[in-house]
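Following this line, the structures themselves.
Across the two complexes that follow, subunit A remains constant while its partner is subunit B and subsequently subunit C.
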Partner chain A sequence: MTQAVEPHDLADVVELSIPGKAEWVAVARLAISAVASRLKFSIEDIEDVRLAVAEACTDAIQRASGDAQIDISCRSDERALHVRIRRQGTMIKNESPESEDSVGNLGIFLVRALMDEVEYSVHPERGTDLAMVKYVEV
Partner chain B sequence: MDIKINVREAPGDAYVVELSGEIDVYTSPKVKEAIGELIDRGVYYLVINLEKVRYIDSTGLGVLIGGLKRVREYGGAVNLVCNNPQIKKIFDITGLVKIFGIFESEDAALKASV
Partner chain C sequence: MQQNTDERPWDRRRAREAFEQFAKVRAQGSRLANEYEQLRSDLVVAHLNLVRYLALKFVNRGEPLDDLIQVGTIGLLKAIDRFELERGVEFTTYATPTIVGEIKRYFRDKGWAVKVPRRLQELNLAVNRAVEKLSVEFGRSPSVAELAERLKASEEEILEAQEFGQAYNLLSLDTELSGDGDKTSQTLADHIGANDSELELFEDKANLDHAFKFLNGRERVILYLRFYESVSQTEIAKRLHVSQMHVSRLQQKALEKLRIVLKE
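Moving on, here comes the complex of A and B:
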């Protein structure tokens, strides 16, 4: 994790764990929309964050086997929203996460396009870990 | 959260698939099934109406791309109806505006299909 995506020391923290199942992604979307609404984001930015979080959860569900929870951690201050989405488990796909020319990686492509900073890793045994930041425009 | 799918025949050889709700990793398999059933029946001109869709993610886009690939094998087409700026933005970002015909109205999409 680089310094760029480390949250501010005085940030407020919201944490949520959802089952690693498709039907729960909508709950993550609702929750992140509520968190993002507390910052001075435009409606468009809130929509961007909502889609990025949903894509990260979807990626975690599609890549990891088993029934592990998805852990979502949000840290916010007046300048930015930092979100980290992790899911432990053994990977069921062996694709390179940086290869974005397939439909299968369209989700991570969207995350990179919608958020200001993104760090993404997939480990064969440890699962997925995606940290991202959206800055409030001043 | 759910997706409603209304399939209806249109003039010519086209069918309209009208979707309402949210298309995500949970609901997109239902959309895929509906589109797949039409193609299996020999329908290769589809208008997919997204006017009542509030949200679509990459799995939804994947279903639309998959349908387009299949109908193109038979010389067909998939045209979309979309007015929602946030959804249009996703098609812009992903470059899919160059692959799909995207129209403001169902009539325009149908005219382009035949």
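Moving on, here comes the complex of A and C:
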């Protein structure tokens, strides 16, 4: 994890855990837009964050097997929104993260295109871990 | 012009070969212009699915999919022209941010940040209307699922429309307000404040009271009788034991004084 991705110590924290199933992604989307709208984001930025969270959850669902929950943690202060999305589980496909351009990885590319900073890793046993930041434009 | 008759699917290897060829042809400059155009258009066609995939992700933001694909394709063209194989990244990796960037720029240029997705605005109004209708139908508040079914939207969209639809709306003055309980549909314009004539009267009266202090007793009595009691000048003249002409002159003079005081 790089320094920049670390949130402020005094940041407000919102945590959400959803089942690792596609039908629950909407809950994460809704929750994150509520969190994001508390910051001074434009509605376009909120949409971006929401899309990024949805893509990240979808990626976590597709990549890790099992019934593990998806843990979403948001830390926000007036300057930025930090979101970390993790899912325990064994990787379904034995491929290195972001290896080449399989369609499955497009979601993460999309996340990278939408957020200001992204750290992403897939561990064979520990599952997926994605941390991302969106800064509030001043 | 060399026709491209390659029927292999567009996998990674083929894309790489195509880009190698493209780079070679490009390096030749105008001599191979035809082949350059052909290769470029092949590359565009081969990656239109990527554009479509990305455009679909933005389709809920109130712009038609076709428009998004169109601007996304501009991004694709830019990516194709700037892509360098030597960097060692896959083209899709390279192109995604460029295409997304172009789509996002399109939204920005549309002033979308202030305009708000129409879909949300409309849905917000539709939700309010449907809530009223369904409440009457069911005799109770409808559930989110029922609203979603009625409006052919997802439950998430309904919640979202309720949550955010109002916050960012620019409303038309003719927007119908779905009243809280009252059935008459009023527009926003009906609720805009106008000058309150009663209040203005009150202010006028205060000013007039002040101006009256500048009049002498007789002038005050004449104006009072004439304008508050609607007594005719002839009647006033009788009461004050003066001629009607005189009353008329006094009245003129008093009104003139008032005008001067009120003007100040």
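Remarks
The rule is short, and it goes like this: the second predicted complex is superposed on the first by the 137 of 138 C-alpha atoms of A that agree within 3 Å, B and C clash if a C-alpha of one lies under 4 Å from a C-alpha of the other, contacts with A are read in each partner's own complex, and residues count from 1 in each chain.
Everything below uses one rule, namely that a residue touches a chain if its C-beta (ideal position, glycine included) is under 8 Å from a C-beta of that chain, and two chains touch if they have at least 3 such contacts.
Computed from a prediction, not measured in an experiment: that's the story for all the values here.
Applying the stated clash criterion after superposition on subunit A shows that subunit B and subunit C collide. In the superposition on chain A, contact is made by A:L106 with both subunit B and subunit C. In the superposition on chain A, A:S42 contacts subunit C only, with no contact to subunit B. Of the two partner chains placed around the shared chain by superposition, subunit B and subunit C are both touched by A:L51. When the two structures are aligned on the shared chain, A:R126 is found in touch with neither subunit B nor subunit C. Contacts of A:A26 after superposition on the shared chain: both subunit B and subunit C are touched.
Shared contact residues on subunit A (touching subunit B in one structure, subunit C in the other): 26, 29, 44, 47, 51, 55, 103, 106, 109-110, 113-114.
Of all residues in subunit B, those touching subunit A in their complex are 1, 22, 24-26, 55, 57-59, 61-62, 65-66, 86, 89-90, 93-94. By the touch criterion given at the top, residues 22-23, 25-26, 29, 44, 47, 51, 54-55, 58, 61-62, 103-104, 106-107, 109-110, 113-114 of subunit A touch subunit B in their complex.
For subunit A in complex with subunit C, the residues that touch the partner chain are 26, 29-30, 33-34, 37, 42-44, 47-48, 51, 55, 98, 100-101, 103, 106, 109-110, 112-114. For subunit C in complex with subunit A, the residues that touch the partner chain are 12, 50, 53-54, 57-58, 61, 90-93, 96-97, 100-101, 104, 107-108, 112-113, 116-117, 154-156, 159-160, 163-164, 167-168.
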